[in-house]
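Input: structures, listed below.
Common to both upcoming complexes is chain A, partnered first by chain B, then by chain C.
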Partner chain A sequence: MCDQTFLAITFGPCDNCSQNKPLMNIYLKNEPINYCSLCVELMACQGLAKGETTNTLKAESESLKAKLEEERAKLHDVELHQVAEKIDALGQFVMKTRRTLKGHGNKVLCMDWCRDKRRIVSSSQDGKVIVWDAYTTNKEHAVTMPCTWVMACAYAPSGCAVACGGLDNKCSVYPLSLDKNENLAAKKKSVAMHTNYLSSCSFTNSDMQILTSSGDGTCALWDVESGQLLQSFHGHSADVLSLDLAPSETGNTFVSGGCDKKANVWDMRSGQNVQSFETHESDINNVKYYPSGDAFATGSDDATCRLYDLRADREVAIYSKDSIIFGASSVDFSLSGRLLFAGYNDYTINVWDVLKGTRVAILFGHENRVSTVRVSPDGTAFCSGSWDNTLRVSAYLRSSGESELRNILYNTV
Partner chain B sequence: NSSSNNVLQARKAVEQLRLETELQRIKVRSAAQLVQYCQEHRRADPLLTGIAASSNPFRDKKTCVLL
Partner chain C sequence: MARDMSDKEILKMELDQLKVEVNTPRIAVKTTAPEIIAFVEGLSAEDPLVKGVPEDKNPFKEKGGCIIT
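Entry: the complex of A and B
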């Protein structure tokens, strides 16, 4: 504390005596107060409680300083892996590809699971959006979009529609018909309009509203039926690449990440940016909430994934290795939040122990960049989409008695 | 004059330190709750515990599929 904190830097009416004087900008109980120097002195003298002197306050200050150093020494800057020290480490995992979905003519850019835990929608650079049955690998629906690079797709909560978009700057909703012969494109509904590419879209808790993010630097909430813009979210200074809605129990917020290296948390009703995190060194490609809603993970072109604690308002873990030098394009948590699946531009998927910060598995198999990774709604499997035009569904199977320690090789069925 | 400045300075310092201590407690508590969530839900996480091959819907395809 030095005297410079009391230099007057503004001139105006004093909050107390209303006279125009040089003002001292000070903080009392976190509230900013603009008093003139006379009123500050008066207040200081009046505020002196009985028995309270400079000495007693100094003594309290010293004892608090000591306590704080003690706390700090105990936990440094509170990294998650330190708090999780006593938790058992996980063994190495062996996960195998169980299904390969072939049919896209070009890079797979995005995918989403249906709530029925077996259907998947995927979108590709070739302009096609395909709905698959992941159990049988059958294609159930296919739509050809009027544009290439369909970067975003999402399944409606009811399972009765899909949304998608990309270079057309729009998000369109296609109701899924039971009649396989019906031309889905005929029932297409244009919902969202941005001024640049659509990077990500997600239905809210119902089929009625869609949240979108765009290369135009904004996110927006739309009414599906009318196509009306309900709320827009401004704050990113570059393309927004990804968004994720908070798990419904934790209220109306969502997180977005983009090329400005920032991850922003938004209040859906007011449009306000309530929290912002900027520790990544490059574009944030993907954001995903921790299952409890109290944290979220990011994957970035800086080759790291990070975990941000919303209540502590800070980054609490970094998932990285010197040997990983390619960007992480997509991340998702397992059901308990213990595992983080991350797809990378070096064609691999790394599985991280979220609490300890260590890697517990690497999956090989894709023959080009992994662009999207999603865990199924019941947590039994995860699906990865890649620039090698395929999607793969992988799971961790326990075989009774058999040792699972083999090389992980791509395994078609 | 200088003594009232000192009082104000000292009070501000005390307030600041109280805040920092509370913040530190919040950070620790929050991290502990993240850990607790994992522990509470670990048994219900199929990708963590693995599923017996017989009950996994993604086990190897059979030749006949009933639709």
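Entry: the complex of A and C
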């Protein structure tokens, strides 16, 4: 019986100093390197100024963070909900599921509305991407991706194409044709290439450029036609899970959130990280810009959603309750920004009053966790996708006794 | 890519970022909060999910009744 372990050491000339010594076989950026232990130490210290070690860097980082907090706290003179006290509270909220879109064979991971306010594209774990007409619930197009877990999908502003991607590490654009018999997969164009899964994608104001975020910790801007990388954004220290573009026509910033608990605001042209917020206690699953473009909301695994004001450079509201213990997977604002819809992993959607910080409604109906929530472009309805394989389109229900009665009569005829 | 970077490189990146951020211009919350509120108040009268839409104008109203062709 042999229960001894042997460490096999290679002995030979070091790549760096050429002396015959025991070598450490290490891999640097996927290339094998054979250095002796002395050269490995020297190499690890390169790139640091004299006297710098990990500890000194950490200490400096901590002190800068403290200074930053101090600067931000100076301007924190009042809370948003205090200023909002004199506004009328919202009336009683009744929302109803108006359409249930069934057809996916597995968990729905992502969805997006078309600018025509009626079409929806959704993607799921089994690799299918489906384009629906939300008014009639008909499926207009279906594409099968060559990978599973299609975590990102987006509709082009023109409505003529969709982009999607996931575990294939790529973002592919499919032009949608009116001919039902045409094989969409044949026209597929691979645009983005990352070194890890694609978590989110979005067209910019035109069909020509796509912004992507990936599990490799970077975001990138690509030209659709040539597939060329126009700009890359480095700054997250872990997977980036979500991104959102600033709403204005001339806007050239976007916000991203990731597993490093940070939400970063980037300038698209320079690639520079202009602002960063780290107050969440766990992964940020979704980020969404406020309709005015001056703030953004985040949903996180720490069961809270938070609102960050860009001009005050700080968090101004937290939307949480002791009874909510499951993470928020997706957030979106209503048209005016008064309401925040958040989908949670406890199968519910909570509707928050953005200004007062209170919850105004809980929506039930899904039978598994809600993975994505998006309000339609004209604000008349919102769609939620879930791991129960369905999408639900819900809208406000105004129930006066008379109209309810009329509804019943029509439906029984 | 973040996964290929050593801890020291990540720390350096964060440090450089913090140095930039300490100098960002900021406005007091008591100025920005009322502006957010004014923006919302201005638009919420037209927000279909806040004030509701009458059933006949709602594109998602229930499909009902029979159509005899």
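Throughout what follows, the second predicted complex is superposed on the first by the 319 of 413 C-alpha atoms of A that agree within 3 Å, B and C clash if a C-alpha of one lies under 4 Å from a C-alpha of the other, contacts with A are read in each partner's own complex, and residues count from 1 in each chain.
Just so it is clear, a contact is a pair of C-beta atoms (placed from the backbone, for glycine too) under 8 Å apart; a residue touches a chain by one contact, two chains touch by 3 or more.
Worth saying up front: this structure is predicted, and the values here are computed from it rather than measured.
J.: Taking the superposition as given, does A:V40 touch the first partner, chain B, the second, chain C, both, or neither?
T.: In the superposition, A:V40 contacts chain B only.
J.: Mind working out whether A:R269 is in touch with chain B, chain C, both or neither, as first, second, both or neither?
T.: In the superposition, A:R269 contacts neither chain B nor chain C.
J.: Could you say whether A:N196 touches chain B, chain C, both of them, or neither, answering first, second, both or neither?
T.: second
J.: Counting only touches as set out at the top, which of chain B and chain C does A:D309 meet: first, second, both, neither?
T.: both
J.: Identify the partner contact of A:K102: answer first if only chain B is touched, second if only chain C is, both if each is, neither if none is.
T.: It touches nothing on chain B or chain C.
J.: Have a look at where A:G235 lands relative to chain B and chain C in the superposition and call it first, second, both or neither.
T.: Once the two structures are laid over each other on A, A:G235 reaches chain C alone.
J.: Once the structures are superposed on A, label A:T380 by its partner contacts, choosing first (chain B), second (chain C), both or neither.
T.: both
J.: Taking the superposition on A as described, I'd like to know which of chain B and chain C A:A395 touches: first, second, both or neither.
T.: Both partners.
J.: For A:I26, is the partner it touches chain B (first), chain C (second), both, or none of the two (neither)?
T.: In the superposition, A:I26 contacts chain B only.
J.: Show me the chain A residues, by the header's touch rule, that chain B contacts in one structure and chain C contacts in the other.
T.: In chain A, positions 29, 44, 47-48, 54, 57-58, 60-61, 64-65, 67-68, 71-72, 75, 78, 80, 83-84, 87, 90, 95, 98-99, 117-118, 134-135, 290-292, 294-295, 309, 311-312, 314, 316, 334-339, 354-355, 375, 378-382, 393, 395-398, 413 sit in both the chain B and chain C interfaces.
J.: Can you list the chain A residues touching chain C in their complex?
T.: Touching chain C: residues 29, 44, 47-48, 54, 57-58, 60-61, 64-65, 67-68, 71-72, 75-80, 83-84, 87, 90, 95, 98-99, 117-118, 134-135, 195-196, 216-218, 234-239, 273-276, 290-292, 294-295, 309, 311-314, 316, 334-339, 354-355, 375, 378-382, 393, 395-398, 403, 407, 410-411, 413 of chain A.
J.: Quick one: which bits of chain C touch chain A in the complex? Just the residue numbers, please.
T.: Its residues touching chain A are 1-15, 17-22, 24, 26-37, 39-50, 52-55, 58-62, 64-66.
J.: Where on chain B does chain A make contact in their complex?
T.: Listed in rising order, the residues of chain B that touch chain A are 1, 3-15, 17-21, 24-35, 37-42, 44-53, 56-61, 65.
J.: Can you tell me which positions in chain A touch chain B when the two form their complex?
T.: 1, 3, 5-6, 26-30, 40-41, 44-45, 47-48, 53-54, 57-58, 60-61, 64-65, 67-68, 71-72, 75, 78, 80, 83-84, 87, 90, 95, 98-99, 117-118, 134-137, 290-292, 294-295, 309, 311-312, 314, 316, 334-339, 354-355, 375, 378-382, 393, 395-400, 413
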